[in-house]
Each structure stands twice: as C-alpha cells, then as structure tokens.
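First subunit A sits with subunit B, and in the next complex the same chain sits with subunit C.
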Partner chain A sequence: MRVFWQFTLALLIAAALFAWSLSAFSTFAIGRADVLSALTGAGDTTAAKIVHRIRLPRAVAALLIGATLGISGLLMQGISRNRLASPTMLGVTGGASLGLAIVSSGLVGASMPGGVAAVIGGAVAWSLVFLLGTAWSEEASRGRLVLAGMTMGALCAGLTRLVVLLAEERALGVLNWLAGSLSNIRWTDVQVMGVVLFGSFVVGALVAPSLNLMNLGAESARALGVRLRLLRLSVFAAGCVMVGATVAVAGPIGFIGLMAPNISRLMVGSDHRILVPMSGAVGAIALLAADIAARGVAFPAETPAGAVTALIGAPFFLILARGLR
Partner chain B sequence: MTHAIHVEGLTLGYDRKPVIADLTLSIPAARFTALIGPNGCGKSTLLKSVIRTMPPRAGRIDVMGQPLNAMSARALARQVSFLPQVLPVPEGITVRQLVGYGRSPHNNLWGRIRGTDRAKVDEVLARLDITDLAGRMVDGLSGGQRQRVWLAMVLAQNTDIVLLDEPTTFLDINHQVELLRLARDLVATGKTVVAVLHDLNQAFRYADHIVMLRNGGLSGCGSPDKMATTPMLREVFSIDACIHPDPECGRPMVIVRKP
Partner chain C sequence: MQLNLGLVFGLCLAASSALADPITVNDGTHEVTLPDTPHRIVALEFSFVDALASVDVSPVGVADDNDPARIPDEVRDIVGDWTSVGTRPQPSIEAIAALHPDLIIADLDRHSAVYDAFSAIAPTLLLPSRGEDYEGSLRSAALIGKAVDKQSQMQARLEQHRASMADYARRIPDGATMIFGAAREDSFSLHGPDSYDGSVLQSLGINVPEVRAQGGASDFVSLEQLLGLDPDYLLVGHYRRPSIIDTWNGDELWSILKASDGRVISVDPNVWARNRGIMAAEKIAADTLAVLDGSFEQID
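Coming up: the complex of A and B.
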C-alpha cells in the first residue's frame, strides 16, 4: 500500500513538473491558454506552436530519457552488486559519446547512424572496464571496478576532445551536444526514446527476480537457479542500447543513472520488481527538473541539463561513497 | 548403496596449478558426508563445482545419476542447495524475504511467493527457532544469527542434496550441535547432506561417511570407524593423535598426543 502511494506521489510530481515545463522560462510569453490549446491540437497562435513543436517534445523526451537512464543504472548496479555503478561510472556514457563524436565529426564511418555508433562505443568501453576491473569474478573488489570505470571515462573524454579538435568545421555542433542538452529534441527523437524505454521496462521486468537473487552473491544466485551468463549478457546488451540511445538523442547526461536507483532504494526497499518502475519514475522526474533548472538558472540564456545533473550528482556520489566506505 | 553425487577424473582450478586434480569420488545418497582436510585442500572448490560456479577443466560430475552438464540451472537448483562459506550481507531485505528467496527455484519466473511457499518459509523459520527474527533486517543481525538465517534459506529450497560449506564456523557450541542434529534429521527424511567440517570429533560423531582430501586429491573415504586412524590423521593433517571411543556413544574421538 505504501508503494502505491509513493508511485502516486511520483506521478503527481511528474505531472506538475511537466505542466510547468511547458510554459516556464520562455523568452516568448506563453500563457496557460496557449498550453491548453496546443495540447488539444487546436492552437495556431505562435505561442501554441512553440509549445507543440518545441516545449512538448522536449518535456516528453526529458521524462523518457530520465527513466531510461534510471533503469539502466539500476540494472548495472544489480549485476555488479555495486551501488556506485552507473552508465557514467562504468564508462558506457563516455564510450558512447566517443563513438558518436567519431562518426558525427566525419573522421570515420560518416555513413553510420549516430545511434549505432553510440551503442558500439558504449559496448566497447564497458567490455574494457569489465576486463580491467575483473568485475565478473567474485573476489574483485568494488573499488577496482569504479576505478577502472573512471579511468575509462577519462580516457574516452580525452579522445572525444581530440576528435573534436581534429574536425574543426563541425566542432561547435559536437561541443554543444557533448555538454548534454535537451534543446534540440524533435518528435522523432521522442519516438525512438519511447521504443527504447518500453524495451527497458520489458528487460527490467524479466531480470528483476534474478537481480533480487544476485543481492545474495553470485554463488547463492547460481545455487538458486539464476543463469548468470544469460543475465549478464542481457543486462550488458540492454544497457548498451539504453545508454547509446540517450547519448545519441541528448548527449552524455551523468548522475541520473547513479541517483535514481539509490533514491528509489531508500523509498521502496530492495525488491527489484518494484525498483525497476520506481527508478524509472525517479529518473524521469530528476531529468525533467534538471532541464527546467537548466533553462532557469541563467535565463534568458540556456545551460545544458547535463551540467545541472552533474552539479547535483557529484556531491550525491561523494555522500554515497562515504556511506558505503 | 546409490550415489547422490559422483565425480570422475575431475580437475578444477583457476590457473595453471589445479586445486583438485584427477579426483574420482562418490557421495552416498541419504547419508551425511563430512568433507575434511587441511586448509586449501580443495574442499570448498569441490562443492562449488557441483553448483557449477567452478567449471571443471577435465572430468565429469553426475548428480543423481544425471550428468551435470545436461541439467538446466533451475532443475539443478531444485535438486541441490548450497550454503556458501562467506555470506554476503544483502542490504535492505528482511529475514523473511531472504528465506523466501530460497523458494525461487520452485515458484514462477517472476518470483511470486505462493501460499505453499509461505507455509514452507514459516515451517523452516520455526524449525530453526528464528521465527522472532522474521521481521528483522538481515544487515542488522549478528554473525551467528546470519548463519542460521542463511541456513533457513537453504532449507527452504527443500532439495534432495544439501551442500554446506563450513556451516559451523560462526556458531557457538550450542548452535553447532543444533546444526549437526539438524543435518541428522535431514538425512533421516532421506536427504543427502555434504558438509565441510573442521572439527574432527564432530565429523566422526555425526557423519555417516568421511571424505578426506589432501593437496587436491583423495586420501581416503569410508565410515568414521575406518577413517579415524592414527596413520590416516598423520598423513592428512600431519598430526600425531590417538583414537579413543568417546564415552557418550562410542564413536571415534581424536586426542592429539604430547609432542
């Protein structure tokens, strides 16, 4: 029952933020009537068109991307049995960004779709982190995995910068995107993210009982009938697609994947069957709030949402790391 | 005598040096087998290979007459349960939840707990006298309590074969005896229990069958009376000991001689 009210509360917060984000911090005055007419599809005022073409897809995308990142972080924490794991911490976000930067700067594989490059980049980086961190052996320490992930993240960031420097003429666009911003979202992006989020829920629901058993250690999980290799492979594949898609659509946005699952745990406990939807909900709310803040802090100028999540997420990470020791 | 577990030509190990080398061994069904031997002789590794967390480099393992490779993960989990030596501390779950996880090989893929599962969990909690801990968080328990709670999880799995890796380590003497009697009760209901034990006197008194390992190989196996001999203990543990029948029930008792 408590869980039901928590989901209701999350839904109400999301709805309120969503409504606010449609009209908040606009250089062109947008009234409540414009929002309503845009939502019902009847509006043809300039304000209503702005809401329909720019504000609405952006708000929906923030929710979808945030939810996808939240669930991806939860799955990664589940299989590595490490609460500090997240797309950024495991190097997946960095690898995806590098892959996309290489393709979009036109250096190699310019004909490859950006999303595919991001997924491949993320997969390569994550595999390397696992090899360096020997993450799948039971004796591996948690610190080693995080260290390997951060090293990989730093390496990818450096290489990405190099790629941008080499591709001068397109550098500005890539740099803008590298900061992690929702300002260029279109309806097609929303469709892509909708499909990805739906897939994330399906995978999340399928692996949730196994992740509950992973909480008891890999040995016990195995003894209770979990197919470890299949579980790890599914989470790996799903995680790469989820993170790759968000990076392709909005650029690297950090810390949502770290914060959402941990906040959800404080709310609803450790059952992954409930944690999957809750991490999605918390992630969605967090990114939408961050995007509104990103528009508000230096209004009328816009800051990237990725900067806002980093600003809130970095201290969160420190508190979490200290608490876990 | 039928075999619950049979291994043949089994070699196990992480890298070049094998932990278990070319081991052939049978564990009798519906008996209590104690695995004993010095530290690092491969006792735990052998148990891990039966639940397939340790893939064999050579040889084969049969469980209840079936080759291990041919069994699905869930089918194996309905036949064999395992209590690890090092118990992780799962955060944020209650004792009842943990014990309930023991039912997962039996319930549907989404891990729904049914009425029969709940009854089994209650029964196991009562059997181990930890019903009053049911609502507590696992991460707040003492070492001994945690060991019993994990044991309850293993019992809730209700398998024909129960593997226990050093189950008495964190228990006080009272709970050690309770655990060994519990193992006897399980055997009386037709289950096979295999436990790694360090206390030789407990092994000889409570087990039906003794397996002695040394340096990754079999030193000998058989009844406690056959295995508890001065030359055997010298070979396996490098100790000089004499054997006397214990005054309580006449089973072999090890007394180390003065140097």
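Coming up: the complex of A and C.
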C-alpha cells in the first residue's frame, strides 16, 4: 500500500512539472487556454502552436529520456552489484558521445546514423571498463570498477575534445551538444525514445527477478538458477541501446542514472520489480525539473540541461560514495 | 686594442644610423618594444590579417585553421601566400618558431595563456579579436598600424573606412531590425548587439535585437526564442548543410516568423562570423545594403 502512494506521489509531481514546463519561461504569454488547446492539437494561436510543436515534445522527451536513464542506471547497478554504477560512471555515456562526435564531425569517411555510432561507442567503452575493472569477478572491489569507469570517461572526454578541435569549424555547436540539451527535440525524437523506453521496461521486468537474486551475490544467484551470462549479456545490450539512444537524441546527460535508482531504493527498498518503474519515474521527474531549471538560468537564452544535472549530481555522488565506504 | 674598440664603436654607430628607431606599443596588457620595423609577422587571428592587409603588409604566417579560403579574397589578394601555423585555437608554436618571426600578433581571448611561449620566440602583441566589437577591432587595427611602423597610413585608411561606412549608413534606411546567427546542424547561435557583426550593423543604423540582458557576444536559442525576437531580417551563416535552419524551415511554426516571407537570407559565415576588421566591416556593410535593396545574391 505504501508503494501505491509513493507511485501516486511521483505521478502527481511529474504531472505538475509537466504542466509547468509547458508554460514556464517563455517570451510569449502562454495561457492555460493555449496549453489546453495545444494538448488536443486544436489551437491555432501562436502560443498554442509553440506549445504543441516545441514545448510538448520537449517535455515528453524529458520524461522519456529521464526514465530511460533511470532504468539503465538501475540495471547497471544490479548486474555489477555496485551502487555507484551508472551510464556516466561506467564510461558508457562518454563512449557514446565519442562515437557520435566522430561520426558527426565528418573526420572519418564512414557514414552511419548517429544513434548507431553512439550505441557502438558506448558498448566499446563499457566492455573496456568491465575488463579493466574486473567487474565479473566476485572479489572485485567497488572502487576498482568506478575507477576504471571514470578513467574511461576521462579518456573518452579527452578524445572527444580532440575530435572537436580537429573539426574546429563546428566546435561551438558540438560543445553545446556535448553538455546535453533538450532544446531542439522533435516529435520524431519522442517516437524513438518512446520505443526505447518501452523496450527498457520490458527488459527491466524480465531481468528484475534475477537481479533480486543477484543481491545475494553472483554465486548464490547462479546456484538459484540465474543464467549469469545471459543476464549480463542482455543487460549489457539493452544498456548500450538505452544510453546510446538518449545520447543521440539529447547528448550526454549525466547523473540521472546514478541518482534515480539510489533515491528509489531509499523509497521502496531493494525489490527490482518495484525499483524498475520507480527508477523510471524518479529519473523522468529529475530530468524534466533539470530542463525547466536549464531554461530559467539564463532566460531567454538556452543553457544545457546536462549542466544542471551535473551540478546536482556531482555532490550526490560524493555523498553516496562516502556513505558506501 | 684601442684601435679595435674604436672600430667596434664606429661600426655600431654606422649600424645604428642604418636602423630605424625602436617602436614601442602598449597593447593594454604589455609594453612591447620592437627593435626595428617588423618584416616577418605571424598573425593568429583573421582580423589581424585584415589590419595588415589594410596597410599593404603581408604576414609570413597565419593561423588560418588550415583553410586559407576562410580569409576573404579581398584580403588574400593583397597579402598573397603565407605559411599556415595551424588553427586559431591551437596554433603550432613550433611552426611559428620555424618562421623566425620578428612580431607575433596573438588574440587576447584565445592566446593569453601561452603568451610567454610566444614572447620567447618574438615580441608579441596581445590584442582583442575574438568576442570584440566593431570599435574595439578598429582600435586593434590602429595599434597594429603603429607596430608595423605605418601609423599614418593606417590612420588614413581608418579615416577612409569611416567615411565609406558613413556613406553606407546614409544609404541604408534606418529602423529595420536585423540579426545574424550561425547555424550548425544541431544548434543556432544569435549574434546580439554586443557581437562584432551586431555592432557593425548598429553603427549602420540597423536595430539589432538583444537576445538577453547582459548577454554574451552570441547566445544559443531555440526556435521558440527566435520566434519571440522575430526580426525583420534574419541573416544565417550555415556552417554545415542541412543546418538547423533548414530543419526549422520545414516546420509549420516557421511561417510565424516575419522574415519567413523571403527575408531569411543566407550569407557567408566567413564574412559575418569569422572575420573581423576594416575590410570585414566594409563587406558586412555592402552585404547589408544589398540585402535591404533586394540585390543581394544568396550563397548556397
């Protein structure tokens, strides 16, 4: 019953933020009537059109991307049995950004969709981090994995900067994008993220019972019938697609994948069957709130939402790391 | 021995009379003394090449982003060929040293951190270029004129420039709002009234809308904010096609923009964004006049 109320609360907060984000910080006077007519798609005032074509997809995308990041972080923490694991901490976000930067800079001849490059980049970085961090071994320390992830993240960031410098012409644009921004979301992006988030829920629901057993330790989970290799492979593949999609749509947005599962754990305990939807909900709320704040900081100019999540996320990480010691 | 000393003294006297007087320039952060008129000059921003060309001086090295075509034809026709010393944000110190320059002109914004490395190679002027406005760029040009010992020629050129800009301003009708923005495929940054091209436009009597109070030289905006500013003319420098403007162009919201009925003009980003200086300002003025009287030929 307590869980029910917590989900209701999350839903109410998300709804309130959603409504606010449709009218907050605008050079146009966006009234309630404009928002309502935009939601039904019937409005023909300028304000209603702006809400329908720009603000609505942006707000929906923030929820979808935030939820995807929250769930991806939860799954990563589940299989590595490490609460500091997250797309950013494991270098996946950095790898995905590097992949996308290489392709979009035009430095390599190969042309492929940005999303594919992001998924490949994330997969390579994540594999290297798990190899360096000996994540599969039972004795592996938490610190070693996070250290490997942060090293990989720094390496990817350095290489991305190099790519940006080599392609100086477009450096400013890439730098803006590299901070993670939702300012140019289209309805097509929303469709992509909707599919990805749906897939995330499905994978999350499928692996949740196994992740619960992983709480007992990898060997115990294996003894209880968990097929470890399959579990790790499916989380790895799903995680790369989830993070790659968010990076391709909005750029790297850090710390949501770290914060959402940990906050959810404080709220609903350690049952992954409940943690999957709750991490999604918390992630969605966090990113939507961050995007509203990002629009307000230097209004009317745009600032990247990724900068806001980093501002809140970095101290959160420090507190978490201290608490786990 | 005494004979030798006398010989040396005599030689020195002869040498010094053959040399020009040392030139001293204060660039605002350093007092730079040049022992002689510099002939091997390395310029690390496009506006400095513009200033040198304005007094018929050719630099031996330019940080041209490895693409000489970024500097306008008018400037290249005057200064001829140079050796590239790399990109403006990351010029190669080795390549600069290899040219044995006797003057380096570096950008206050980009190169302050490596000033010591430059000044170990040659006397270095640190002048504002990136993020500088129109009047500031003319001040830099005047200092460059002094440094290359062509102060009076530069003054004459500046006076001629002001006269020609005043002539443009007379022919350009007052009151139109116009703003330039640089478009990449995923972002659009508007150059407000404090930017270089924004301040040139304002000097011509054009209204340049402010993107935000205390804004920087350029600000990233979304389509919504662009619609909010709604300038009469939107000038776009496409760094890559299709750019975000091409994407927005297909949106039904685009028609809300006043300028969407043929007054969204694509201009040369090399002229409007990358180059600053005397000739760049004159090109911007000529472009502006052509845009307003409808004779401007858009670039693809």
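Heads up, the rule we're going with is that the second predicted complex is superposed on the first by the 323 of 325 C-alpha atoms of A that agree within 3 Å, B and C clash if a C-alpha of one lies under 4 Å from a C-alpha of the other, contacts with A are read in each partner's own complex, and residues count from 1 in each chain.
Keep in mind that, in the parts below, contacts are C-beta pairs under 8 Å (C-beta built on N, C-alpha and C of every residue); 3 or more make two chains touch, one makes a residue touch a chain.
Small disclaimer: the values here were computed from a predicted structure and weren't measured.
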When subunit B and subunit C are modelled together on subunit A, clash or fit: fit
Which superposed partner A:184 touches (first subunit B, second subunit C, both, neither): second
Touching partner for A:154 - first (subunit B), second (subunit C), both, neither: neither
Which superposed partner A:16 touches (first subunit B, second subunit C, both, neither): neither
Touching partner for A:301 - first (subunit B), second (subunit C), both, neither: second
First (subunit B), second (subunit C), both or neither touched by A:46: second
Touching partner for A:319 - first (subunit B), second (subunit C), both, neither: neither
Contacts of A:27 with subunit B and subunit C, given as first, second, both or neither: second
Subunit B versus subunit C as contact partner of A:225, first or second or both or neither: first
Vertex subunit A, arms to subunit B and subunit C (CA centres, degrees, nearest 10): 140
After superposition on chain A, the shortest CA separation from subunit B to subunit C (Å): 43
Footprint of subunit C on subunit A - complex, ascending: 26-28, 46, 49-50, 53-55, 104, 165, 168-174, 176-177, 183-184, 186, 298-302
Contacting residues of subunit A [partner subunit B, same complex]: 81, 138, 205, 208-209, 212-213, 215-220, 222-227, 265, 269-271, 273
Of subunit B, residues touching subunit A in the complex: 48, 51-53, 73-74, 76-78, 80-82, 84, 87-88, 90-93, 97-98, 101-102, 104-105, 109-111, 153, 157
Subunit C - residues contacting subunit A, complex: 65, 87-90, 182, 184-187, 189, 211-212, 215, 219-225, 227-229, 239-240, 244, 247, 251-253, 256
